[in-house]
Amino acid sequence: MGNLFNNYEEACAIILFGIGFTTLLLHRNMIKKIIGFSMMDSAIYLFLAAKGYIAGRKAPIVVSVSVTALMLALTVRLYRRYHTLDIDEITMQARREEA
Amino acid sequence: MQLWQNLPFAMILLPLASASLTSILKGKAARRAALTVITLVTLMAAALVIFMQGYGQSYTFMMGHFPAPWGNEIRAGMLEAVTALCFALVMLFSVMGGLRDIEHDILPDRQNLYFVMCELTTAALMAQVFTNDVFTGYVFLEIMTIAACALISARTKGRTLVAATRYMIMNLVGSGLFLLGLTLLYDLTGHLLMSNIQEKIIALSATGKYQQPLTMVIALVTIGLGIKSALFPFHTWVPDAYSSSTPTSSAILSSLISKGYIFLLIKFYYRVFGLREVVNAQVEDVLLVFGAAGAVIGSVLAIRQLDIRRMIAYSSVAQIGYIYMAIGLGTQSGMTAALFQLMAHAICKSLLFIATGGLCAASGEKRGFTSLRGAAYRNPVAGAAFVVGAFSMIGIPFLSGFVVKLAYAEAAVLWGGPRMITVLAVLAISTMLNAIYFGRTVVTLFRLSEEKIAQQQKWHSGPCFAVACAALSLLTFALGLAADPVLAAIRSGLEMFS
Amino acid sequence: MAKQRNDYENSWFPRLQRWIAQGGTRLSDQMTEELSEASDAHRVLSAEDVARREVEQAVHQLEIQEHEAALYERAHQWGRTKGAKLIRAFYAVLAVLMCVSVIAVLLTTVSNLPSFGGENNPINNEVSQRYIEKGLQETGAVNIVAGMILDYRAFDTLGESHVLFIAACAVMILLRLSDSGDPRQLSRERMEAEANDRLYEPKNDIILQRVAGILVPIIMLFGVYVLFNGHLGPGGGFSGGAVIGAGLILYLNAYGFAATERFFTIKTFRAVSFIALAFYALAKSYSFFCGANHLNSGIGLGTPGDIFSSGLILYLNIAVGMVVACTMYAFYTLFRKGDM
Amino acid sequence: MELLNIMLLVFILVCAVSVSLTKDLLTSLIIFMSQSLAMAVIWILLESPDLAITEAAVGAGVTSLLMFVTLKKIHAIKEDPKDGETKE
């Protein structure tokens, strides 16, 4: 446990990753899940940059934006179709139509 | 640097460049452009296999002016060439087989975007097969995830959107963990090239430093890629994703995209960590247990299904469990069996999905077993293709499934002890379960009273469909009868793989 | 010659055969009544017999449907009431437990990692040494990062710009109001999208227009500056493109779609992204091809420090900037109006 | 400089926890926006200005903007934002 304190950047990135992951799991609302996702992604980029990644990668931030945009597009279409943001409710309605 | 060694570079860049071209073409022209590009890639893959036999050992191709640890690099060997050929063939026949459904289901002005997705999936697959750089693997893994989500949601019906959302949620968690593993790997070794990383890891394990983070890296990479390739406990998104969208998307998703991730995992085990490192990190036993559980439970769930495409989706969960079980053996022969199953299953599963597309089209787009009764008479080509696919999945001799099960048994017997018993038991149980649900489906397709057979109106699925079904069935027979050259190629490929 | 026993019929073997003959194997419930139906198929069925059987089967199907609907209702009710809370509470506890354990494991991993900024970290090895020292001579770019992204590891960046392109295509598949559907249904959808637009958005808000009038030129200037000086100072394709995209979105918000449609429609989006990506792929495959086969690619590096130095990096930056700007703008307009 | 780094990291963690605790979508979105702005400042402290510009323009700008448009499309924001109560 020695250098957990001088590695405090990475420790904080991991805690942020955990919080994002918990938000993703606990909330049933689609928008909250997407916010949880982008928090997990920015935590990983913080971890990446804290490692002194010489390339100063700016590309992954673009990947996370495009993924967020795709998820938001799916949410808009789902809302138009099922009129709710609750993912469990949506799956229940989809399954009932299927039966 | 002979000219033919530029083939892998061309196989990645050609679909990538033509994707932006297809996005501005209209429906018909886009279809022609996509088919010609994928055919070209298949021909290049075949040429590469022929040259590779003469060449004998793997070579690296510098992407740019700077040698290995600084610039990017791709590496081609016998195993990569054979896998690339198999992937390209399956992609070509999946797209050809599902052409009618693409025109029927997807709105006209979005069809060219659908073909853009197919081309970019081909480019990403080739890049993952040939890459020798960890971060390039992540980038093209991301391209495949978004392409797969677009392929699922191409039909924009209610159910496909739910399936696409669940697919994205699970896969993003998977690629997040994978990137976390890569970052740790970069921090421990300072390199991004697979061969350099292995030298550093051997040095690390010699000095015994950073052992706990190293095991953590192997675990993160395995879980990340396991989630993305529908390993057993993370397979909940599979039935919706594979069964709701067009037959081509299901074929591409189930046989190509999950296989690309598994091939990347095998490359990580061989070229980044080294098999010895992975074995003494006890990851192998976990994979064996999950694979075995997946194989049995996947088949049991498949029996319960009333919708034919969900049944095939569950059967592909079982087959992926098979592959992970073979990887879990951790020996050379286990890996050979896993790679052969990877190719045989890719061909067989796309054959099944394309044939089911034809059968459902013949029985009025309904997928329940009751409405599919006698569909084989309405669409004889699809019926014959389905029978070949089903028998190969069961493991009838002279078909690829039989050789797969033979290779598994051989790998298990070589290992001996409790693992042999588990693998052989799982082989027996799941073969019997496969026989039940595939047999039942084949019986349903052909079971119709005589006078009803006469009045069935024939359904013509077009020449492309027939060519695709015939080609995939021939490939299944070829793998069944002439399996030795392919197995020899895989073994020699594995020698020069690490 | 063995004499057949007189009670042979009821000994176990023929009884087994008879049992099998009656189709003893257990098939799923749908199959069983079909099998029994097949066995009497040999007798010629009269027409009304067949009709009666069909009606009977239809009724049977209806029963199954109702039974399942009732099942869902009950499951749904149970889901709403006490059961749901139980499951959700259990699920929440399990989720939190799993996350805490994942974080704990990762934190122990982090504690064993090389310390932040230590000199003998494995990262400061010969790879980063060469990037820093020889970066300027080899790529001609003063800003090592831009040189690195577009020359040393150009293949990753090629992949990443295609990630953006594919995300734009995917959002287009999902959200675009296609102009080829049936006109009546389409016009209702377009009307709804348009109406929704005006309802919440005050069209010509004087304050926004005045501020945008001042800000947009500055943002665009800054974006173009960042784009063109990618290889000299901090910046480059992605940053410049993102800033220009943000500027375009601000301009759209202030002056509405009529103003932006003068210069930016779906056709310009397609043309710009095709030209930029095609140029990018061609330029990079040329340099890969020359690099791999050790040919001299003949692209001069120019004198470091002035705009037109460092070979292709400036033009690649512009191409990537165009792709990023168009995609950001496309995301916004597809979400807002479903069309450019 | 070290202190600023630590303060920003604590600010981001507090933002992350508060996002998952707030009921209202709009508030959680604004908190998320401020968090990515703080992230942009951290990139500067970690000596990667390119990432800072991209994160500011893309992370704080376009992502949050898209989420606002999604909320608007989903009528989650009522006409009079006074009550701010949204359908969960």
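For reference, chains read A, B, C and D in written order, and residue numbers begin at 1 within each chain.
Note that in this section a contact is a pair of C-beta atoms (placed from the backbone, for glycine too) under 8 Å apart; a residue touches a chain by one contact, two chains touch by 3 or more.
This one's a predicted model, so the numbers in the text were calculated from it and none came from an experiment.
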Most distant chain from chain A by Cα centroid: B
Comparison of B-C and A-D (more C-beta pairs in contact): B-C
Distance-to-centre winner among chains (Cα means, whole assembly as reference): C
Whole-Å separation of chain centres (CA-atom averages), chain A against chain C: 13
Centre-to-centre distance between chain C and chain B (centres being mean Cα positions), rounded to whole Å: 19
Centroid spacing, where centroids are CA-atom means, of chain B and chain D in whole angstrom: 39
Multi-chain contact sites of chain B, meaning residues that touch two or more partners: 139, 142, 146, 149-150, 153, 156, 180, 186-187
Numbers and ranges of chain C residues touching at least 2 other chains: 106, 108, 113, 121, 123, 127-128, 131, 145, 153, 156, 160, 163, 166-167, 170, 174, 236, 238-239, 331, 335
Per-residue multi-chain contacts in chain D, two or more chains: 48-50, 53-54, 58, 62, 66, 70, 73
Chain-chain contacts as defined at top: A-B, A-C, A-D, B-C, C-D
Contact footprint of chain A on chain D as seen in their complex: 5-6, 9, 12-13, 16-17, 19-20, 25, 28-29, 32, 35-36, 39, 42-43, 46-51, 53-55, 58-59, 62-63, 66-67, 70-71, 73-74, 76, 87-88
Complex interface listing, chain C residues touching chain D: 143, 145-146, 196, 200, 226, 234-236, 238-239, 242-243, 245-246, 249, 328, 331-332, 335-336
Chain D to chain C touching residues, read off their complex: 48-50, 52-54, 57-58, 61-62, 65-66, 69-70, 72-73, 77, 79
Contacting residues of chain B [partner chain C, same complex]: 1, 5-6, 9, 13, 16-17, 19-21, 23-24, 61-66, 69-72, 107-110, 113-114, 116-117, 120, 123, 127, 133, 135-136, 139-140, 142-143, 146-147, 149-150, 153-154, 156, 180, 184, 186-191, 200, 210, 212-213, 216, 303, 306, 369-370, 373, 440, 443-444, 447, 449
Touching residues (chain side chain B, partner chain A) in the complex: 139, 142, 145-146, 149-150, 153, 156, 158-159, 161-162, 164-166, 168-169, 172-173, 176, 179-180, 183, 186-187
